[in-house]
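Naming follows writing order (A, B, C and D), and every chain is counted from residue 1.
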Amino acid sequence: MAEGQKGWDRNQMAARAALELRDGMYVNLGIGIPTLVANYIPAGVNVTLQSENGMLGMGPFPFEGEEDPDLINAGKQTITELPQTAYFDSAQSFAMIRGGKIAMAILGAMEVNQEGDLANWMIPGKLVKGMGGAMDLVAGVGRVVVVMDHTSKHGESKVLKHCTLPLTGKGVVDRIITNLGVLDVGHKGLHIVECADFVTEAELRAATEATIVD
Amino acid sequence: MNKVFPTAQAALEGVLFDGMTIAAGGFGLCGIPELLIEAIFDAGTRNLTIASNNAGVDGFGLGILLATRQVKKMISSYVGENAEFMRQYLSGELELEFNPQGTLAERLRAGGAGIPGFYTRTGVGTVIAEGKEHKEFDGKTYILERGIVADLSIVKAWRGDPSGNLEFRKTARNFNPPAATAGKICVAEVEEIVPMGALDPDKIHLPGIYVHRMIQGEHEKRIENRTTRKKEAV
Amino acid sequence: MAEGQKGWDRNQMAARAALELRDGMYVNLGIGIPTLVANYIPAGVNVTLQSENGMLGMGPFPFEGEEDPDLINAGKQTITELPQTAYFDSAQSFAMIRGGKIAMAILGAMEVNQEGDLANWMIPGKLVKGMGGAMDLVAGVGRVVVVMDHTSKHGESKVLKHCTLPLTGKGVVDRIITNLGVLDVGHKGLHIVECADFVTEAELRAATEATIVD
Amino acid sequence: MNKVFPTAQAALEGVLFDGMTIAAGGFGLCGIPELLIEAIFDAGTRNLTIASNNAGVDGFGLGILLATRQVKKMISSYVGENAEFMRQYLSGELELEFNPQGTLAERLRAGGAGIPGFYTRTGVGTVIAEGKEHKEFDGKTYILERGIVADLSIVKAWRGDPSGNLEFRKTARNFNPPAATAGKICVAEVEEIVPMGALDPDKIHLPGIYVHRMIQGEHEKRIENRTTRKKEAV
């Protein structure tokens, strides 16, 4: 990446999201950029990754030739286990999610708004993926961090006053990490936590449709 | 009482009928009852309602029942990996009841556990909550979700004994236990049937009481998304 | 037992109850006389006994010196396991009970009535044991068979028009086996299935407060 | 993050307070957290509400907390083996909320699973149903039961690893897993702490996420009702 490039790329967003992790945390990482967060866990921080298809203690990808069809993550990728790994069924997995046992989820998003609403599962008439476990995660975990591009390919803000897409959860997002910076959801609007590399606060505000307070 | 049948076809004899509801285990292509799905394909049973987190892929798993239009309705949380599934849904050819993944798992467990309804925060404030009863508990709003009781459960396990006790392997467990409990009849396919007493009674994931019929067979166990790292990279 | 003694003793009642068992059944046996049913399972009938504290495939009492404090039945008696035994937790145990997976429960009773109501857990102000798993069993299993003395020590009928004690379940009993005979619960009253040894139908009727039809 | 504490007293430090609610594992005297109960006895914490299927016996298990009158209220299904329990209840010295055994187990599981309420047939038409919401599903009547969330869970397992993964043994599993999930904090006592990786990840009964603190200790494991058969009799 060229010196001085404006904003963060996918890996930098993941690295920034990894700073949200605290030692001893149980964390669920969503599909896409959130999956990359596992590559940037700070030294000395020991976290246990939950995969909602039924695993605590998710390890890295297997070496070539060692893939096990019975061992995948929620993104259907082949993975490995660790010494502390435990397997369980889907009802148990979501019992721990819904029951608030997972400290944090880091998820992707299509849209987010200033009240913490999140949309990441469908575009009516156009794209349907399904909510998978995202609705359960945002309803159940202790803290929800969203990692996403700040704007669409057409330059339109995805950090909105009101979401236009069907919601995944209402008032569920705590922190938003985008290619342009980090924002927290407050009672009266968003708060700027930090700007990404070479992004000014004015640029961050300009790219944000949502109300940013103080 | 003999629970072991020679083939998937024999194990499903007399339990299939048009318009039935089936609960199926598996997540993606992991831990899916691939042999029983093939037998339902061969039987040509139609107008099926299937509760399954995913619907396989084109040409494998439940995808083969979508291709033949044997499925009237899916109850699923994710269609992302299946082009035909998405196409049939968007064109209105297939009914699709989206369930959050945890709600689907709990609905199957509840159905099997004699619980006709439970309250959850999941989906409150979204389209999932529309038309569902809302109720306050301790100042928070929850929605009522219903238990699912299926006519038939089809599940896949790693090993089983002739009394139907099942053991699953790694993340291939997933929806199989809750799906197994939700059916009035449960048919299981396993990689290996071991002698009575070969399973450690403390380590049985699904007690045999839930399993009415079972078969042993060869499984393809296709990998959907092969991801690896290089040894050099470590 | 002397030849010609009127009615059945505890073991004969258990033996009669054992005739209710069918090959392949999963059955839960209550505390007291129902526990004795396991001694009279007919040859060729293979049943699996569930113990609601978390076990399927309950075996006989252990040999002296082989008792395991981690292996008890719902009556807190030391027992043994069998080749088909599976253990599970209490939530799972009652999930299978409530979910109708157990074909039959054979339970003791203090009172039963002609509508199938059952009372077997307390005498207000006098005796409190608690319902244990009995309320779940009668609400969940396929068929409920009650085994009890027909009359109290004072000769009063325990097979009543209306139960006087707090109920364990309403309209839940299918068949009543007492020291005097076997009765089925029908829509309009009880039906006599059979009389115990040397008990006449007239004697059975006389000892029964409940309405017996046809 | 270290979950292993040297003593029961140390493991309970800072989590006990008068008037708290505790969910305890065990059935009769089987699989009870006897060391943690003793530590609560020593701590003298009062006005406890305890959700536990039974209350031990006079002088052992939860019975020792009844004797000192540390318990304000029990949520239990059975008091039959405990004379002091029955006496305190009948004299009105102790509050007792009778729960059907399966309802108690499911309430604990539900509380741990983020389910504030569920419907069950158990208890319909009995005193248990009085004052509870009744609802019809498919023509049958059910009652609403609430999930239990406790301030503290105390459980007993056979083996555990330092991450809190637990394995139970035979019928000593009973209420321990659902009770463990119901607490905001869960403290576990085990017979043996084994090294990380020593437990088979497919055979862990309670994943470590549920366990916040743990101790290893010697257990009396008293037998309540010793029943045997003679070898000659076989």
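Please note the rule applied: a contact is a pair of C-beta atoms (placed from the backbone, for glycine too) under 8 Å apart; a residue touches a chain by one contact, two chains touch by 3 or more.
The structure displayed is predicted, hence computed values, not measured ones.
In terms of C-beta pairs in contact, C-D outnumbers the other of A-D and C-D. Centroid distances built from C-alpha atoms place A farthest away from chain C. Taking the mean of the C-alpha atoms as each chain's centre, chain A and chain D sit 36 Å apart.
Between the CA-based centres of chain A and chain B the separation comes to 27 Å, rounded to the whole angstrom. Taking each chain's centre as the average of its CA atoms, chain B and chain D sit 32 Å apart. Contact of a single residue of chain C with at least two other chains is seen at positions 81, 87-88, 94-95, 97-98, 139-140. Within chain D, contacts with two or more other chains are made by residues 106, 109, 113-115, 120-121, 168-170, 173, 201-202.
If you check the complex, the residues on chain C that touch chain B are 23-24, 26, 46, 48, 50, 56-57, 81, 83-88, 92, 94-102, 139-140. The part of chain D that touches chain B in the complex is made up of residues 106, 110, 113-121, 135, 137-138, 140, 142, 146, 167-170, 173, 200-203. Contact residues of chain A toward chain B in the complex are 51-55, 60-79, 81, 87-91, 93-95, 97-98, 117, 125, 128-136, 139-140, 166-171.
By the touch criterion stated above, chain B contacts chain A in their complex at residues 27-31, 53, 76-81, 86, 89-90, 98, 100-106, 108-109, 120-128, 158, 168-178, 205, 221-231. For chain B in complex with chain C, the touching residues are 1, 109, 111-115, 161, 163, 165, 181, 196-197, 201-202, 204, 207-210.
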